[in-house]
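The structures come next, written out as structure tokens.
Same chain, two partners: chain A is paired with chain B first, then with chain C.
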Partner chain A sequence: MTLRDVARKDFTAARRSRGLWAVMTLLGLLTTLIAFGFSGYRLGPAETVIAIFRTMGGMFGLLLPIVALVASYMAIAGERESGGVKFLLGLPNSRRDVFLGKLASRLGVVTVGVAFMFTTATVMAVARNGALPLGVVAGLFAVSLLYTAVFVAVAVALSAIVAQRSRAIAAAVGSYFVLVMLYVIPGVSVALVVRFVHQTLLGFEPNVDLYNAVLYTSPLIAYRKAMNLVVPAQFERRVLQRASEGDVLPAYLGDEVSLLVFAVWLAVPLALGYWRFEGADL
Partner chain B sequence: MGAIRTNGLTKRFGDVVAVDDLDLTIEEGEVFGFLGPNGAGKSTTINLLLDFIRPTEGSVEVLGRDAQTNPEAIRERVGVLPEGYGFDDPLTGREYLSWAIRTKRADDDAEELLELVGLTDAADRLAGDYSKGMQQRLAFAIALVDDPDLLILDEPSTGLDPNGIQQLRDIVRQRADQGTTVFFSSHILSEVEAVSDRVGVMNEGELVAVDTIEGLRESAGGHATLHLDCATPPGDMGVDALAGVAGTSIEDRTLVVDCTEPAAKVDVVTHVAERATVEDIRSETVSLEALFNDLTGGGRDDARAPEEVPQ
Partner chain C sequence: MDDGIVDTATAVLLVVGVVALLAPALFPVQQVLYHDTGVGTTMNGTELEARGYTVVEYENLSERGQDIYVATLRSPDRSYTVPADQGAPEFPYDGADDMDEANDREGYEERQRRTSIVIERPEDADLPPPHEPVDRIRAEPPEPEQAAASGGETATSASESARQQRLEQRRAAVGRYDLVTVRQGTPPVTDSGTLLRLGSVLLGTVGIGLGGYLRSRP
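Let's turn to the complex of A and B:
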């Protein structure tokens, strides 16, 4: 098993990247500022801290995918373009070692990054409010890490499929657009498209649950739902629309399903990426 | 068992046939020079051996194992100097080498290998900042890690200065004497000639010759041209009729004889000396270079007829 050697070399290289340190510093500053500037309305200290992280969670939904994609989009494509892969595979590494080693290393990089953002925010939030709701913060950290890991998986998989930097960039931008932006821009959102096709083109009766189910395939929506799992009830947010007030969401739209959505987004891209890399002419 | 054995190996990239039905066997312990002009299919063949790319048809065996079934097991025993590599990670030369040693679970001393390839002074600089020649030395050091049973070197002298080429040759020769099989490609004949036990010549994806250097020379037909300077302009002395003589011509006082067999030269000289005063004799053997040019159509660019060359 030489996976560890591949990962270790890649991680050492990442640690020396000045760009990565710069981005980390900026993100740490950003979360510190949010934690500093937040003022809760009639909330106790612990509630205020939770509210701070809840607010940050909204921003993380858009930000963490960018962090993950930037950290991973060149993981394998870069080695193929530069010829580094010839050394990786000239030594006793299998393609699986290279693929999984790169994945492990990039997961390590984003883990450090997300941990840093949470640490700076926590330090500032605790300093300002004097309370540390550890369980909630840890839970949000775990969910955020899982969400980031989804995009690392997507980026590493795409990186294994394309052979050039330019295409890797296009694939990373494209995946951000398809997986995140399409669900948040008003006007071009997936929800409207599905509703239009279903009702106007196909002439069916409106079916809010169906539209919700389609929305729920997005990791972003899943992340918003997953955060509900780890915060106290009063901080839970209604992510999906209901047909009428008081309606109960069907089980397949429950908050727990978000974990399944994450699992699928982790497994399917990785399987596809590995399969294509295994068969590729390098 | 051969160190490398290919069987009907074919690789097509779209319409282009890069390697065409290649049958090649490299015996254990030999130094095999893989010769051919740019684009002849040498690197493609090497990439197929290393499972960097997959054959369209045919099979490859390296050290008795199928190249695709278990490439890691082959890589354990092979040292590779690939072409088109890059040192793009911000690691020093020493770190790259240490990584290779660790990955191979070898017990080599990085310092010794760096010393061997002449990189001791540059060991702590980033490999990405090295000159092409220094990168080539580092790549060669990586190939030497764990004293492999088979060295596969793709254009190893690329970017090296004459001194570096000499060092490379010495190391290759020395490893070969210790029993390492060496398979290396080159487009420069003199390089292959200096170290190889056997030579294979590729052209446009096909193997056009496999032989020892001596064998190749012989297959050049022992062709030689004799120049006999005579005291007076030589007349017709019946040299044409001698066995092994392809033709004669007279230039001023010089008789030029084209021999097809080495043995014919002595006969010609004796024959002429009996009939005229010979002042000087010069003999030109057809060089391996000429043979190589012959086999490969003078390289890729010259292979096409002039009217086909786009203007």
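Let's turn to the complex of A and C:
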């Protein structure tokens, strides 16, 4: 068996899951209904379709991490708990093959799921509005896929680090709260905590760029910024607060930096996960 | 159950699912033209013209324009839609196409002006009643000198009667001018063609989900 065989075997096992098919179907129905119910006020057909996906992007920001984490949290932890990992490694496979094979397989699973959601939404949006702004839809699909891949990487890495199902669940739920919910729940927002420490505890002058930079470490904020890269100017949204109206954001808070944030979130968890898996006593 | 039957059912589900999912995108609904008399105005023709609205006498409308206007008046929700190629030539459906999104009062009024036409109804016209909100027009308050000077009850009553008369005249004048707002857009969600396409996409989604699972299971 090779990396490819590990990926193929895992993908086959994953696609047999009734739960995954049910989730994919439900999400497809959900995006269909959103695309159907959306009504753009005084917008042309193509603009309405873009507005539909822009609105859906807000929902995807919260939903796609759940899809990715649920599809991936047991990738390696499940094999470790059941003992299957010994069988996998008993064949001429290295731990690298298992780790990367599982990652490739889970990326494939969520890619199919996200593609299905986009397909149903696109079909309904086109059927209802008669226009397809292909470049924007493809761009949003690519950005959404990148965002989902970040959470697959995090989940597979955590799954490689822990050895039990219960811990894998706890790690997946915890990562969702730390990377997503802490940036959207008013009152416990990371930005508020940083502002409190910076201004109240340390007594510094307010520094909005600093608080923005801390916010920007979240994949969710990066996703919202990345969407600005692929939509026309009138659909861009202001994601980060500005010190005053007309203030220009520094280059390190630009929309393009979101790709760097994604790259870091893809590379660092995978490197840590692989390092811990490589040295784990199985 | 026989494996052959399951395999056939799975294949049918997948084929039907793919066709039902993709077909609506190949045959999208056509845009429609909306005509709305629900916005209304409390201004008369002269005031509307002064504000830049186009005022057209009912008799000068094309036959199609007259039909659409009457159908809109008869519509219970004060809105009437026709296919995109069946509008009236004098209605400014694309009047605000080159405008940006209106975010302030002036922008909104400008958009309203560009996408509206004021129809002057003939006196004693055999038309359905207009939708103009003439009830919102109130009688002007009595002038203070007049109120102070009118000592007797008879004088007050005459003054009140004159005010009521002026009010009725004003309402009749406003009621002769009907503001029709038009636009081009997607059909409403309750449109039968739109609902048919929704049903097809939902069927396709479930078909692919179910068929995909049946095909993948061990």
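The definition used in the following text is that the second predicted complex is superposed on the first by the 281 of 282 C-alpha atoms of A that agree within 3 Å, B and C clash if a C-alpha of one lies under 4 Å from a C-alpha of the other, contacts with A are read in each partner's own complex, and residues count from 1 in each chain.
Here, contacts are C-beta pairs under 8 Å (C-beta built on N, C-alpha and C of every residue); 3 or more make two chains touch, one makes a residue touch a chain.
These numbers come from a predicted model, not from an experiment.
Peer 1: A:S72 contacts which: chain B (first), chain C (second), both, neither?
Peer 2: After superposing on A, A:S72 lies clear of both chain B and chain C.
Peer 1: Which of the two partners, first being chain B and second being chain C, lies in contact with A:S159: first, second, both, or neither?
Peer 2: neither
Peer 1: Once chain A of both complexes is superposed, is A:S105 in touch with chain B (first), chain C (second), both, or neither?
Peer 2: After superposition on chain A, A:S105 lies in contact with neither partner.
Peer 1: By the touch definition at the top of the document, which applies to A:N212: first (chain B), second (chain C), both, or neither?
Peer 2: neither
Peer 1: Name the contact category of A:W21: first (chain B only), second (chain C only), both, or neither.
Peer 2: second
Peer 1: Of the partners chain B and chain C, which touch A:T2 in the superposed model: first, second, both, neither?
Peer 2: In the superposition, A:T2 touches chain B alone.
Peer 1: Output check: A:N228 vs chain B and chain C. Expected answer is one of first, second, both, neither. What do you get?
Peer 2: neither
Peer 1: By the touch definition above, which chain A residues appear in both interfaces, chain B in one complex and chain C in the other?
Peer 2: 12, 16
Peer 1: Can you tell me which positions in chain B touch chain A when the two form their complex?
Peer 2: 13, 47, 50-54, 71-73, 75-76, 78, 80, 82-91, 95-96, 99-100, 102-104, 139, 142-143
Peer 1: If you look only at chain A, which of its residues touch chain B in the complex?
Peer 2: So the residues of chain A in touch with chain B come to 2, 5, 9-10, 12-13, 16-17, 78-79, 82-87, 89-94, 97, 279, 281-282.
Peer 1: Could you please specify the touching residues of chain C with respect to chain A in the complex?
Peer 2: Contact set of chain C toward chain A: 21-22, 24-25, 27-31, 96-97, 100-102, 111, 183, 186, 189, 194, 197-198, 201-202, 204-206, 208-210, 212-213, 216-218.
Peer 1: Mind pulling up the chain A residues that touch chain C in the complex?
Peer 2: The touching residues are 12, 15-16, 18, 21-22, 24-25, 28-29, 32, 36-37, 39, 42, 44-45, 48, 116, 119-120, 122-124, 126-130, 132, 234.
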